[in-house]
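Several structures are given next for inspection.
The two complexes that follow have chain A in common; it is paired with chain B in the first and with chain C in the second.
On to the complex of A and B.
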């Protein structure tokens, strides 16, 4: 029997960078095939090449018996291959019905009425158990429903191979379980499923086979999951050097577990003798921002020497929380205290002088100016605190940047190179070097390890633990529960802009997950 | 009152055609600041071709041909040469304004004006005060409906909108955003050419250099004012035409008492105010590119 999808010597290059190198894989029909690897292993490139979105530099892809012309999404879709993207690819202003219609191929019904459109797509939503009206706009949907709509869209065209690129990254645990049930039903009806995952736990829960990529190469696969253990998959993902920066940590074993998602860590109680509050939010309420997020009556205290984890499905108030602490949005109610000083009306510069530091959500747009030299990116911290007319001394700033980068183990060639010349992990280290200085008292880290490989992730975690042990207060905002459970001393769940629950180690996945989706 | 309606329709219709070109480009993801250039090219070509051949139909065809040609050029510069669309659009406007000025002076001498022997057919005296309305004015509502239908009630329109709002989404379903933009700009070229032709051949039957006088930019404003919605943009253009009419009335009423330049400024002030008010009503989200293509 021919395989549902097979690639032979698949190589994809972007300029001088080789994202995928001679990958040969063959996936049998009507099974769930997991593809794993750490960030930067080439998983998304693989998924996109299989869907025809990227043209292979070398090698070939076969769908059933037919050879796929690279870069031809139409051909791939005609052959029954559909891709569900990691961050969803549906125009936000479209209604559900429009979003499902616009991707449809074939001539039937190219013209429609609004009612006709909704009537056409309602059964598809019902069939997948998606509870949403076809007239709802995409941007008004929670992420899990957006994902369900995209899966429904993918299946509308009679898909035979469904590829999902890290579908669980944005889901609450219960939504992930529901997704897996849905996928199992699809498999049983004959659909072949390729699912990109980066948590071994999830691979074991849903997949029939697993293939592991590392550094763009195929390490092993597809291997029947029944014959494998979590440890062997982990070894394939990590390779020879499991997270170098972890050697200093006492929690190394749990860190590795959290990095590859084998067993969910339960967290450790890190007791501080009588911690004093480094920051206090009291009854904070904000107006909804353009993306609809707001905070509703949030009260939190962050103690010196603790890491406070903020869990929650993305878009539930994480961004306003950072903006409130930074003083970037007006409050409709409530007050903010930083290290004993009321800062409610103070601008960001004043708050920074009091020791507030931020590692923002978007490394490449908010954290760094990619086109500016590294030393300018580093010096921005000090220059902010000065008056606009004060003189600057570039050579001294260059020396300071050089010294700081070396002590933070940044791999760079010259401080005059633009920030865009660095890899994700090194770019994050530049931000850490800038924000985790001696005067820091409260550090907000928003998705600090997103997109980083295992080594860089472990480095960031170690830096956070070191800062905590020096008596700083840290707020870790993450959508990765493994990360949160592993290093948070305390956990707060945000849901709909409210505090839906506060937890202390040992963490209970069931209770945290329930709070994330608003089941109390 | 009938005078007002007739005047507003006559002034507004050329802008509406051009605004529909802007709507199509906007939905496909191009901020087409070349509309002014397309409009004056259509106005010029229609009169010149009519004057040379004696045929209004050929004049309209000429307006469309030149406008489509310039739109294709804009697409090439944006998509193939990867130029900034805003700059390229402004360049197109400069090309249209300067090119027509130069061409007219080179061919017809330094007067900078050409008169056509005939204009677009009108309804005629049988329709009373409405008799002066030409066929493009009459066809205007149908055209606006057609653009609305294309954008909002066809799969093609959804793909067009997706190409502008979320190009990666369009690519993921196998649509080519660059090709969608080409189609949008070429269709827009047809409409902008007709809009220009209606400006020159829809009454005075004269082309004079610089006669668009910013109406192409007003049409662009109408696109933004109408949030990229065809019907919204059409009403915005009618609003601008109304303000212009009232400005002329004010000039007649106040005569020497009001500074002439100030009265001429009124439509533009009203435009700024109108956009500001509509932005406030929308909660300030007007300038966000993804919020523009609602409804």
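On to the complex of A and C.
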């Protein structure tokens, strides 16, 4: 039987960097094929090359019997290959029906009526079990429905191969289960599915075969999942040296499990010797922001020497929570206390002077100025504590940055180089070096390990635990439940801008997951 | 250091390209390009007294350019230098007119300070609008230029008009020699001292203060410095006021120096040349010293060409415009890469 999709010696280079190196694979039809690997292993590059979005530097891709011309999305789609993107690519202002029609090619010049479009697409949605009206706008849909619509859009043509790039990253656990059911039904109807996955647990739950990439090379695959164990997949993903962080090679077995998503950790009860509140939020309510997020009557206490995890489906108030603590959004009600001082009306600069530190959501825009030299990025926090016209000594600041980067194990060539010269993990270490200083009392970490490889992730976790053990208060906001379960001393679930539940170890996935989607 | 040399090299290459383009146009419109360039070179640098003329134009240009450097570095595209320059001249002339009996030195100092204050005021309102409500400062500062020109016309033909004046161009009465900071040559100890002072102060501000580093970071990524706790409004307003004050100082220097009175429509291309100097120098204070001397030379050549060589002075405008075109084309990719500015 001919394979649905096969590549032979597939190599993709970006300049001097080889993202994929001589990958040869063939995927049998009508199966679910998982592709796994760490961040930076080449998974997304592989998906994009197969969908025709990237031209191979060497090698070839075959769809069925036809050779795919590299870099030609139209050809790939005509051959029946559709990619469901990691971040959704449907226009938010379109209705579902418009988005579906828009996705079809080769209808230039046709005239549509709203009613006609809706009538045309309703049966398609019904057939795929998508419960939404075709007249609803994309932006008004919950994220899992958006994803279902995106999949329906991909299947609107004659898709025979569906590629999904980390579809579970944005979903609550129950929504992920529903997605897997949907994919299984599609497989049974004859569609071949390539799914990029991060967690071994999910691979075992849904896939028929698994292929593992590491450092752009194919390590193994496609291997039948039935013959594999979680441990063997984990070994293939991690390779021989899991602790790339060097000195921070103190991960427990549970850490490794959380890193590759084998067994969900349940967390440890961490006893705080002399707990006192380092920060309190009382009855916080905010106006809805541009993205529709707001907080409704949030009350929280963060103790010294604890890591408070914030769980929740993305977009349920995580960003306003950080902005409220930073003093960057006005409150309609409530008060904030930091280390015993009422800071409700105080600007961020004053809060930072009291020991607040923030590792913001967006490393490359909010955390660093990519085009500015590294030493300026590092010095910014210290300079803002001074008056604007105070004289500085740039060579002393350069030396300080150099010393700090060395003690944080940042791989850099010169502090005069722009921040964009660093990899994601090293860029995050620069931010950690700046924000986790001796005067810090409360550190907010928003998605601190997103996009980092295993070594860098383990490094960040170690830094958080060290800070906790020094008596600092930490707030960890993450969409990765494995991470939250592994290192949070306490867990709060945000849903619709409210606290939907507070949990202590041992954590129970069922209860936390239910709180995330609002089932009590 | 290597990066800086590379930047200078690129700027030279673009100027060379601009000159080649001008040469082609000169040749095509019936002039001899080599003669044209020889005359420009003569007028700018080689003829008797050319270097002095060069300095006369370069000093105020450099002073204005320092303000442009500070504003642009902080990410605010204040292109209202011309208007702020005029307001500075007006401020100086008003101060002189209002203090008819005070000691000369005090009047001079008051006039200089008034020029800086007026210039700063003309940068304050676009800065305020930008920071309070996100109004695009490129539009407001450009519009401010037109208002300033009309204000100057009104003052020189109305309240400040010289009753004895009979020329085609209206102006204020001549300022007494004791109050002026230079003769008509425009080069004096006062002017050199003021220019050097502004250069040193700006260099320290940009390279040796917290404001300089944070302003540079804010210019490249305002979101990042906001998350560090910076108040962009203060930083931005400071940059606007500084650039307005330096342009105002340049205006006062013209009026109290070589012009000796407030002339309607004086130095019409000053502000744009100052912006050009800052851009060619890649927003470096020390680099703009050299670049200002170069453009000062071109400015003096534009007076030399029609008188001595019998050639149209518009040739210099063309050289300026061609350089502007190529330098903007060089900076364009970098500007497009700038992160979106926070409009809160």
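Following the convention adopted for this analysis, the second predicted complex is superposed on the first by the 507 of 520 C-alpha atoms of A that agree within 3 Å, B and C clash if a C-alpha of one lies under 4 Å from a C-alpha of the other, contacts with A are read in each partner's own complex, and residues count from 1 in each chain.
Just so it is clear, a residue touches a chain if its C-beta (ideal position, glycine included) is under 8 Å from a C-beta of that chain, and two chains touch if they have at least 3 such contacts.
Bear in mind the structure is a predicted one, so any value in this text is a computation, not a measurement.
In the three-chain model built by superposing on chain A, chain B fits alongside chain C with no clash. By the touch criterion defined above, A:366 lies against chain C but remains apart from chain B after alignment on the C-alpha atoms of chain A. Look at A:376: by the touch rule set out above, it reaches chain C but stays clear of chain B. Legend: residue contacts after superposition of the two complexes on their common chain; A:53 is shown touching chain B, with no touch to chain C.
In the superposition on chain A, A:92 contacts chain B only, with no contact to chain C. After the superposition on chain A, the angle chain B-chain A-chain C between C-alpha centres rounds to 40°, nearest 10. Taking chain A as the reference chain, the count of touched residues is higher for C when chain B and chain C are set side by side.
In the superposed model, A:113 makes contact with chain B only, not with chain C. In the superposed model, A:101 lies in contact with chain B only, and not with chain C. Here chain B and chain C sit at a least CA-CA distance of 6 Å once the structures share a frame through chain A. Judged by the document's definition of touching, no chain A residue lies at the interface with chain B and also at the interface with chain C. Touching chain A in their complex are the following residues of chain C: 204-205, 207-214, 216-217, 220-221, 223-231, 234-235, 238, 337, 339.
On the side of chain A, the complex with chain B involves touching residues 51-53, 72-74, 77, 83, 85, 89-94, 98, 101-105, 109-114, 290.
Those residues of chain B that touch chain A in the shared complex are 153-156, 158-159, 161-162, 165-166, 168-174, 285, 288, 290-291, 293-294.
The residues of chain A lying in touch with chain C in their complex are 326, 328, 347-349, 351-352, 358, 360, 362, 365-372, 376-377, 379-381, 383-384, 386-394, 397.
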